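The following pair of complexes shares a single chain, subunit A, combined with subunit B in the former and subunit C in the latter.
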Partner chain A sequence: MVEMTAVQMATRRAEGVPVPTDKADKLFRVRAVSTEVEARPLEATATAPTKLNPTASKRYYFYLMAPAIIILAFISLYPFFWLIIMSLQDADIGTSEWNDFANYTRLFTDSRYLDGWVLLMKYSAMCLSLQLGIGIFLAVIINNSRFEKFLVTAFLMPMMMAPAVAGLVWLFLYNGTFGWYHWLFQSLGFLGGASILASTSTAMLGIVIVDVWQWTPLITLITLAGLKRVPQDQLEANMVDGASPFRNFISVTLPNLYPVLLIAFLLRFMDNFRFIDSALVLTGGGPANSTKILPIYLFEVSFKFFKLGRGAAIALTLLVVTIILGMILVRVFDRPQVKKG
Partner chain B sequence: MASREVVRYESGFTKAFNIFSAVFIGLYLVWTLLPIFIMFMSSFKDLLEAFKIPAVGDWAGVSVFFQFTPTLKHYVSLFVDGNFSQYMLNSLMAAGGSAIVSVIFGSMAAYSLSRIDFRGKSDLFFWIISTRMAPVVAVMVPLYAIFRSLELVGTLPGLILAYSTFNLPFAIWILKGFFDNVPYAIEEAQMVDGATRFQAFRSILPLVAPGIGAFVVLCILFAWNDFLFAAIIGSGGAKTLPVATRELVQPQNIQWGAIMAAGVVTTLPMMLLGLVIRRYLVTGLTMGAVKE
Partner chain C sequence: MFYTPKNALYTRINRRKFLELGGGAASLLGAGSLGVGLNSVIMRTPVQAASSDDAKWKQYSGSKLVFMSENTPPSFAIRDKIKEFYDLTGITVEIMTDDLPVVQQKVGIDLRGGKADYVLNYVQDKPIGAPFADYYVDLSPMFGDATLPQDPEGYKDDVWFENFLTACGRYYSADKVVALPYDAAVALTFYRQDLFEQHGKDFEAEYKYRLEFTKDTTWKNVLDIATFFKKLKESGKDVPYGYAQHQGTFAWTTQLDIQRVMFAHGRWIDFPIDDKIGSKTPGKTNWGDKQSILMLQKFKDLADVSHPDNLANGTLELNSVYQSGNIAMQVQYHEFAASIEDPTKSRASGGKTGYAPCPKGEASWITNGGPAVNGCNCGIGGIGINKNASKDLQRAAYIFAIWSTSKNIQYDVLKGLGGTPTRKSVVALPDVKAARQRPTKMPNALTFDAVYDYGIKDPHFVLGPKIPEANEYHTLIASETQKLLSNSQSAEETAKSLQSQLNNLNRV
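And then the complex of A and B:
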């Protein structure tokens, strides 16, 4: 934190340079203004040219916006209304008749549906904790290293792969007779004869590993971008005061990383609900429904048995819960940070 | 920036930590690249050789992995016997089409959103981005019903439209950031010189061209890698690479060699593109929330 003497503040105010208030200070963690900036003539710090059109004739801009809004409305608003209507019908391919709320009331007694939620939460929790733990640790240790650029490029590779294709490649690696990872697990004494995907107790771990393999690098990338913005002078000042690197990490780096980590967390959290490609290819919900996370169950109901009405009811609950959870998470994490001394 | 000195510690603990870090990075690198490496190698192996594996715990036996005579037969079976050039074309047209649609309409919308202020702008913005957060399967149920009645299922236009559910909001979200960096004074000057408003808009496009280029590539990446939309909306007439690859898995017979070759065909172009736009990737994948 930049400490400003009263004299400095007064001279700044006199010059018309904004002085950081406590509130702004908390939000932005102002860095020390380098001498170079202070030496600059005042005109250079005058207000930046406006981005907005000052004499906007709004109609023109609304015309420019219209095609995109119309397309989006057609593929998201209109289907959303359809989703609600379908969820109240006994809709199948070609047929549909009203059945009031039967689709919804059935959900309460549908054990696969309820299990789907539990499994989805379990899956998300496992994926997120592993990805965040490994991802942040990796970012911290490769930051400023000589090989940073090379490593980041190498880490990007799994993310360029189609999740469905990645799932197939891992299916090969996990195979119980010729899979190299199966061989590795067995050699290290982790597994019996059965493939990791064949046993109800380990199948979930199997799909988590693939998700972690593919998306941990994203957390690393985001964290790295955040690390570049941690004020070095604070770290150096603490160091001069005798703080250990670990202490420095806890009290300076981590609070500065906080907003970035929030984004990483939310992004992966949403994605675990959104993408099921690799899990679908790897287990398709089996064995014995042990990996039937809710989106997979929804996929099955809608596109395997074509119970579109029931599917719509499930989809709507999934959609609503996703939105609510997303909003709660933003609330919880977006609380103003407590300043550490 | 470059001259900033990074202070390094030299205590016993830090040394141990550094060694641990180096080992961790090394292991992680291997674990990241190994599946891709095995995919590449297996695509050139005869099945008998691809299935060769040492006995459990026989670490020296790993060398069997490298003992094989390269063969192109899996690629031949994809492109000569199979229909993979058609699927590749489908993938390319669906991904390219959705990128073009998204970037044209997306940049127009992003530009206007960047230039004017109106009531409810932030709500509109939130709605736009929320369409991208929704679970794909949940969106697909009604979309499938609508597309079926419009006879868009199994067609490329249907697939392109479906891909717009995630690419268009993404384009608007990211490109707005680019337009925000261009001061309005530039267009103003153009219009003083007699340009129409649309000409003024066109005149600033070169300024954001690098950004637009990178996001065309990202849109292509998302659409190319998609599986669920392609499997449901594209089923039938517009089969894309991931779907075709998945279909090589049959209950009786999994054609592993062909799957690995198809995996390489699907992955390689995207890896090369990814290297080209490396700089924009974080911005893109995080929807611009973190700028490098």
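And then the complex of A and C:
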């Protein structure tokens, strides 16, 4: 029985030979089947599919997708290629002149560009770590709460607000003359005379707080969905073995949350690299460039100074680095999954 | 035509009927469009239009213009009166307003993209006029055109306040005028007379001169006053800070803030060019010279004793600080007097605030041999016409431009929302003259002595630099000055950094 596989059993059934039916055997058989099937080469186990006309089929699907592909090409690929062309030009709106790679070479000596990268990394790291920590914490609390529906609705409210509007609201809250949060922070001794956005040492924290306030609920929501899928039997088994709730969370819940957290992390990482709405409203990159993260500088160059060629070069480098960092993150964070498999 | 079940309850429409209905609807739509179109087509030639005054005003009846403007009182007031313009001309004008940086982006894209979505633009001298001057219609040929209505006062320099027409209308050449002065924001000093009187004796005992503000008050005096108030505050007395700067997120006003101090001392300017007309090739900057380093140091000294929220206070925020009674003195634009004098919004209203020209240069701080003057600067908002628009729309826009800058409209705006006139004749009206004294129903008029009779006149008036890269220039000045004020770099490092970045910007 131990060596009997699903294929062998199916063959025996087809030949009219009886196969074991008691409960223990069934369980045993299922385990044996799954192990062997996965271990075998595909050719050996898979049944050959019904043969269709592959050429005709591909063409058919292509025609079905063609309108979407054409629209996508116009709204996505065409601007993308223009971006590349513009990055090689001294481009203004309506006028352009080839300048080869001057826009790129200039970036290496542009201190605002280089500082923009450093600030962007700092900003993203602060936002991501806080959002993940707080987001997971809130999700666990909500998951165990009787008021789950109410809490989810309440926590999601900041996310419903347009980022520029959120920026304006927080600008008033931080205001040194009449801002409530300014008064609170000062009363608690966190701030001196200057408001949070008026100091080069605290302004970055000011914009991070707004991002964390607005987007932590996204992490909470995704994590909450993940928590619903954590196998209860594993949790119960671990508890039976005497694990504390914290130990249970670390050794069972967290590994099961891994795939959803990776998605949440990637989403927020890419958002942080491109969302500037609230930061632009709050500080505009100041004071003294202390919050001029690269996307704000990119906006400034493109739509304030109208240097579209320079802006395109900055945008492309930002895009390339985002993709590379995204791939690295996936590889790094995906590794434990591979090992597990 | 379409599949209908046999037991359908509705009546089937056959193909012929469907086509008939479609054709009828299309014909109706076509006829309607033609009617609307014909109504908006200019039906008269300029020659016909010249036949009477009424015909001149009405020659573009049915046209539609969009005016993109800053959210300042004149635009709101004119929007309220737009029906009068429609009744006079038959031209529909949609006035869109936004913050200046947004206006700048929108009109910039429109102008440089060869579009004319905004036929009329708010041409703020440096942020909009300097970078986009070439995209505006030269209004000179329209002045005196017999086929267009004209303002009886005309448009020469002397009908506007001194320097106004050049400030917003002339760029890189004295021959062209691309905008008419529409509103103005001229800097002057707002100070708390009540606090000055209250603490006058203590101040005099310590500094050996009277605590007052006159046209001869220098930047050194401002530093003394700010230091005095800060000491009082630190000793536990319930007093506001003495002074605050415009060093917040709005780069242009940050640049204007330091420009006043720089110019007051020896009439120092950024580039060796005619500052009022500007230049597309400004050459090497004066930043980095001895005078600039000294002035940056003095500016830093003043910041150290000013309101601690300096780096977050743009122009609007700074005015809120003053309104809330948290500073005793500010250099602010005269259009803000209306809000300062409003008792429902301000603790500095009711005769507490005095108005004086911007501080004068301190003779002992001048190293370049120039005179000490009251460096007064401004933002003069003009109304200009998009060159990409058709000739007819340009002419229709001209009619709106001369109407909106006319004496009567400016007077109404001043009375209503607290505008800032640009025509001399408005200020000459008897009730405007009377409004210069308290009690007044036109609070902005309280500033006119300091602004129109003194600050905007030469040698005190400073405008530029008008350069095509004005916006990047403002940003560089703002960020480097902020670095100085936040102790990230010294005065000398700031001056040298500006020197290298500005020369790089202008490719010299």
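The rule we apply is simple: the second predicted complex is superposed on the first by the 271 of 341 C-alpha atoms of A that agree within 3 Å, B and C clash if a C-alpha of one lies under 4 Å from a C-alpha of the other, contacts with A are read in each partner's own complex, and residues count from 1 in each chain.
FYI, contacts are C-beta pairs under 8 Å (C-beta built on N, C-alpha and C of every residue); 3 or more make two chains touch, one makes a residue touch a chain.
Just so it is clear, the model here is predicted, and its values are computed rather than measured.
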- request: Quick one: classify A:Phe303 as touching subunit B (first), subunit C (second), both or neither.
  value: both
Task: Pick one for A:Pro255: touches subunit B only (first), subunit C only (second), both, or neither.
output: neither
- request: Once the structures are superposed on A, label A:Ser199 by its partner contacts, choosing first (subunit B), second (subunit C), both or neither.
  value: second
- request: May I ask you to decide whether A:Pro287 touches subunit B, subunit C, both, or neither, giving the answer as first, second, both or neither?
  value: second
- request: Based on the superposed arrangement, let me know which partner A:Ala162 touches: subunit B (first), subunit C (second), both, or neither?
  value: first
- request: Go through the superposed model and pick first if A:Pro231 touches only subunit B, second if only subunit C, both, or neither.
  value: neither
Message: Output check: A:Met65 vs subunit B and subunit C. Expected answer is one of first, second, both, neither. What do you get?
response: first
- request: Pick one for A:Ser187: touches subunit B only (first), subunit C only (second), both, or neither.
  value: first
Field: In the superposition, subunit B vs subunit C on subunit A residues touched
entry: B
Message: Which partner chains sit in contact with A:Phe178 here, subunit B, subunit C, both or neither? Use first/second/both/neither.
response: both
- prompt: Just which bits of subunit A does subunit B share with subunit C as contact spots?
  reply: 177-178, 303
- request: In the complex, go through subunit C and note every residue touching subunit A.
  value: 101, 104-105, 108-109, 112-114, 131, 247-251, 307-313, 317, 320-321, 324, 326, 469, 471-472, 475, 478-479, 482-483, 485-486, 488
- prompt: In the complex formed with subunit A, which residues of subunit B make contact?
  reply: 4, 6-7, 9, 14, 21, 24-25, 28-29, 31-36, 38-39, 42, 50-54, 56-59, 65, 101, 105-106, 108-109, 111-118, 128, 130-131, 133-146, 161-162, 164-165, 168-169, 172, 179-185, 187, 197, 201, 221, 224-228, 232, 241-243, 245-246, 249, 256, 259-260, 262-263, 266-267, 270-271, 273-275, 278, 281-282, 285-287, 289-292
Query: What part of subunit A is in contact with subunit C in the complex they form?
result: 92-95, 174-178, 192-195, 197-200, 283-290, 292, 300, 303-307
Message: Give the list of subunit A residues in touch with subunit B in this complex.
response: 48-54, 56, 58, 60-62, 64-65, 67-69, 71-72, 74-76, 78-80, 82-83, 86, 91, 134, 137-138, 141-142, 144, 151-166, 168-173, 177-180, 183, 186-187, 213, 217-218, 221-222, 224-226, 228, 232, 236, 239, 245, 260, 263-264, 267, 270, 273-277, 280-281, 295, 298-299, 302-303, 308, 311-312, 315-316, 318-319, 322-323, 326
